[in-house]
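Every chain is named by a letter (A, B, C, D and E) in the order it is written, and numbering of its residues begins at 1.
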């Protein structure tokens, strides 16, 4: 769908201008905004009619371009990536920013653009704001949309905590950590280039205007810088949690091995002795002794006590 | 609570001036300091009355802004993060520094600001010092407050030492290491941006003044640089301790596995032989031999000695 | 084979000019392209006849030169590396770019060069395009040839998934990961220097021309930058998958060890008791008791229940 | 102790001038050197009498300042860290370098300063050398004192070698590695900032003089650069040795596990069979067979041979 | 041994000029080359007679200086490190490059210098080449000598391959990897600073001359850059191989543990049951049953089948 929002110099709002009329009426308009909202193939081809550069149009038509800013003679071409709140995949937004107009192009639903659209329609002094303000507003909304995601990931990290209780839950936690790290990586791949783009805008008087407007872009930049710190810090935390889990796991194994060794060490010789006196030789003098049985039981008891004390002394005895 | 400290040009101290009178009396005052100390929502809105920029005010009202410095026409706006001594979370301080006045804003108790407040009230030549000195003093106090934390973490690392004694304590040490690393990460996230901010101040004549004043800021910077080296070094130590623990753990396991193997290897064949002569077959000629029992005992003894010597030779015998 | 494509100033296409005639006819030609396509040793020596610098010729003759750009008096010398789609090894392409002509040199089949060759032969306004356009076209095709490889590797990473099911498949997955990482490393070693070379071209007016042509090189650069981000991100994913697999493996081992310990701990004492009453001492009072057998069975049952409950309490019992 | 070394313009050596006379005689002196050698608290306060800046004096009085260089109006203030040869802890040296005099301040014994002191006392053309030369000489001696430490650490790394022989020694080697890494970290924390300080001196004509003197500082810098490369390289070696040890350990465990499995797998079924024929059922027909015993022995032998061959085939048999 | 090669301006070659005559004849010579080839202590002291700076001479006399370039008034002083082909240790070469002469100094056999020496003696237009050409030639030969080493290491890495077959060979491979990594580290420590030195030469018109000569140095630089990429890539490969080996090892252990657990789990209860009926209680009713023995055998069979199916279901059964 192609939708158009235009303010005439006299301050009237036009929403029903067809795309092919807008060029003729350009001199009467304060500014206008053309939004290619999930355009069909045929609608997308209108971009060629609007006289944009072929390379820029191709970047629009092919998905998954990198976040960037290209300068053409009388307009700037931005590629942004918003983020899909469900699967954290980038959702491309392409923007042509001319002094008089803005053209936005996106194949996917973009609630951030809808919000700015509504705001521009209802804002009483919208006519005095220009194309630069619309771009700022879109970037601001997109930046705002990252924060809940980063915060949710931080909460999930905190929820994992430090001390896993049982082996079963531990593996679940490791898988959870893995998914969190993958999400952080995705967020990072969207936010880093966006942050660098916004920084580049703040450094260019051409793009961000003087004093006052520049401050608004600086605010978006601050926000993105804060976000990137949160994400770096979250990645560091996940590494540390994983290392701690692995060490804990290894410690448990150690402790289980000890138990196994202690049991084997105590019972193997005892069972062997019992096996000896279970043999059926005709001539085994001990078997005839009246207190032979009790004597052997006593020996077994002594051996087990001795081994217990020896383990105690070695510090090998089971302690968790 | 909003509290005000003002020195008139004649050197008198005023503590009871209401906020709305201060603008009228500005020409009579040498300097004044307004502290928004844990302000209520209504008190916080006074910031709008004081004519600050909307973006700066929003940074005050929203928590967890990043440490930064913004220049406005006739004042500077700082966001600092002191640190909560209990949980090592950042505690935001916002400062507006004008040539004639300072406005500080913080939602949490800030002992560092209270200390500077008292000092300015009692200092005999306070009147001759200006807004820039107050800012320096606050940053100096905040920087000082980091040191005991970093030192305590270093002490805890030293206390862990190198050689853990038992498995049980080892896991406690690993958890302790994990908590230390998390604390170092938190300290780092507060100190790094603060250090960079102070460096930026020392580089700007506007902010740190000439020669003499710049030296005091350089001293704060030195201090923060020393702190960041301490923290980096502590993180390196914790990594090394963790690696050492893991290797030690793996070594113990190896040694326990050997013991288990030696025992199993010695007793299994002996027990098997005893089992053989415990079978109830009617025709088992060895059972009838007069010295059969003693011969079998001798064989068992020979087998165990042989295996003992073989393990000794393989270097597998238990040594810790 | 040496093949030549030449356009006369009058727009005629010549394909049958021999190499030694071309110098004489130079003034009549708009531009020409000499392609050394898998040249024999003797054909390769023609380079000396064409008057190129000795160092450049040696770089042609020796394989595996690094990607680079050297400026000579009236021509540029490029070394590119395309990639072999089978084994991902670099396939060198050497290009001499003069204002009037292009010489390409490659010992291996290069489908990208064939494609550009055909395109130049058939393009109706080929005569107006020059040597610089041919170079751009070759680089564009080479860059395009990397994308399917990077995407296939991404698909293989996705196919591994997160949760391996059985031990046997796991090792296969680790080997697969290892091969993917090796492929990524190879791609990286071809793409990084290529990307940097293209960037250098875009920065030089001499090489990329003004405005319009520079934009086409920028587009190649964008593409390569996107590719390098994909590769970095894939490497990060493989690290995380490997770490997750290792942790899962260690967890399984832990869980198996527990099972082993539980079994040993329960049956060893029971078997020992059975061994005791299997001894053949003449005087063993319990054997005479009428309910001795049932009493011992009861004891065994009680011991096993006790140990089961103790393990349950310790949280050691088998759960996956 | 405060000691003073002064040369009059006429070339005489004075060693007994008291500190309070030196200011009056300044015009007669070529240069003088005041050394605060392990000063008492009262002696340290003499620094205030000498008119140095308060911040510099505080850096002297408080220990563990970071290595740095501060410029004051007519003198430079250096903080160096020599190293304690025993525990590798930094030992602070503070230097005030004025055109006419040097003041050194250190709370600990500094053999490097003593050596320079003796050298200045005995050198025949000492009078013609100035304060800058003394500073260079001290830094040169301090840099020289690092080398034996770095070399000793390299020797200890070489002594560990690659292939540990027994488990017991292995843990000792890991602890040794850990201590070496800690020492390397300490050396690094002293040498890096010192290297950067010397580099800064070589870049400043003010500090290192022209041509000739600068070369001497460049030589110290070369030396420190070589040292830092040695330390980096040693750290890399220790990482690699540790990784190799861990892999070796894991390999041994694997091999021990195999032995254990082979033994268990062979003897468990044999012992089970022996147990079967040790049962006391009244009706067990095999027991009556005349060659039953030998038949069972044969079966057992066949089973063990079969399993041996199967393990051989699986490549699981014990090989070290 | 000190050897001298001199060309008079008239083009004659002198090989027998003694060192002390050369200064007098300087005006008649086109250029000369003095090579201190493994000099004795006394020969080395001749450097002082030739008037070089003391610091440069000391760098010659002391071994293991870092690779560098120092500028003196009328000569340059280079320290290079060739590499010992046997043990990969650096072998220092010191070069004084003056407009008219070259002095080379080395304590060890240097085949690269011998090769250049022969070449200069035999080259027909050697007289027209100058000192700068000799330096270029030496660096070129030294750079060439690194390549076979790097390639041999790459071949050894390839020989290790990915999939180790047996435990015994695996440890050998890990030791081999460790030695390869150590060799790569040594190569790296020689090649990196050499590469940077050559780059510095190419950037200085003074050192590499204009256009043509600079190109030859650029060629050496290309070569060293290619080498450093090979070494980095080899290190990455060794890391990946090691990680793969460790994962494979851990997988084998897992699989062996499973086998052990399955065997223990199946035979322990069977052996226990056999132990029960081997007890000698007088009253054990089952022993009297006519088919008791077969019933117990049947039970044992059922238990083992049940456990087999349970393991199959759990996916724990042995698969490699």
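We adopt the following convention: a contact is a pair of C-beta atoms (placed from the backbone, for glycine too) under 8 Å apart; a residue touches a chain by one contact, two chains touch by 3 or more.
The chain list, named the UniProt way, goes like this: A, B, C, D, E = Magnesium transport protein CorA.
Keep in mind it's a predicted model, so treat the numbers as computed, not measured.
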{"item": "Touching both chain A and chain B (chains)", "value": "none"}
{"item": "Chain A on chain D, rotation in degrees - Cα superposition, rounded to nearest 5", "value": "145"}
{"item": "Centroid distance [mean C-alpha coordinates] between chain C and chain B, Å", "value": "40"}
{"item": "Distance between chain centroids, defined by C-alpha means - chain C, chain E (Å)", "value": "25"}
{"item": "Touching two or more other chains - residues of chain A", "value": "250, 253, 257, 260, 264, 271, 275, 278-280, 284, 320"}
{"item": "Circular arrangement of chains, read from chain A onward through chain C", "value": "A, C, E, D, B"}
{"item": "In the complex with chain B, residue positions of chain D that touch it", "value": "53, 55, 64-66, 68, 70, 165-168, 170-171, 174-175, 178-179, 181-182, 185, 189, 242, 245-246, 249-250, 252-253, 256-257, 259-260, 263-264, 267, 270-271, 274-275, 277-280, 284, 286-293, 296-297, 320"}
{"item": "Residues on chain A engaged by chain B in the complex (per definition of touch)", "value": "162-163, 215-216, 218-219, 222, 225-226, 229, 233, 236-237, 240-241, 243-244, 247-248, 250-251, 253-255, 257-258, 260-261, 264-265, 268-269, 271-272, 275-276, 278-284, 314-316, 319-320"}
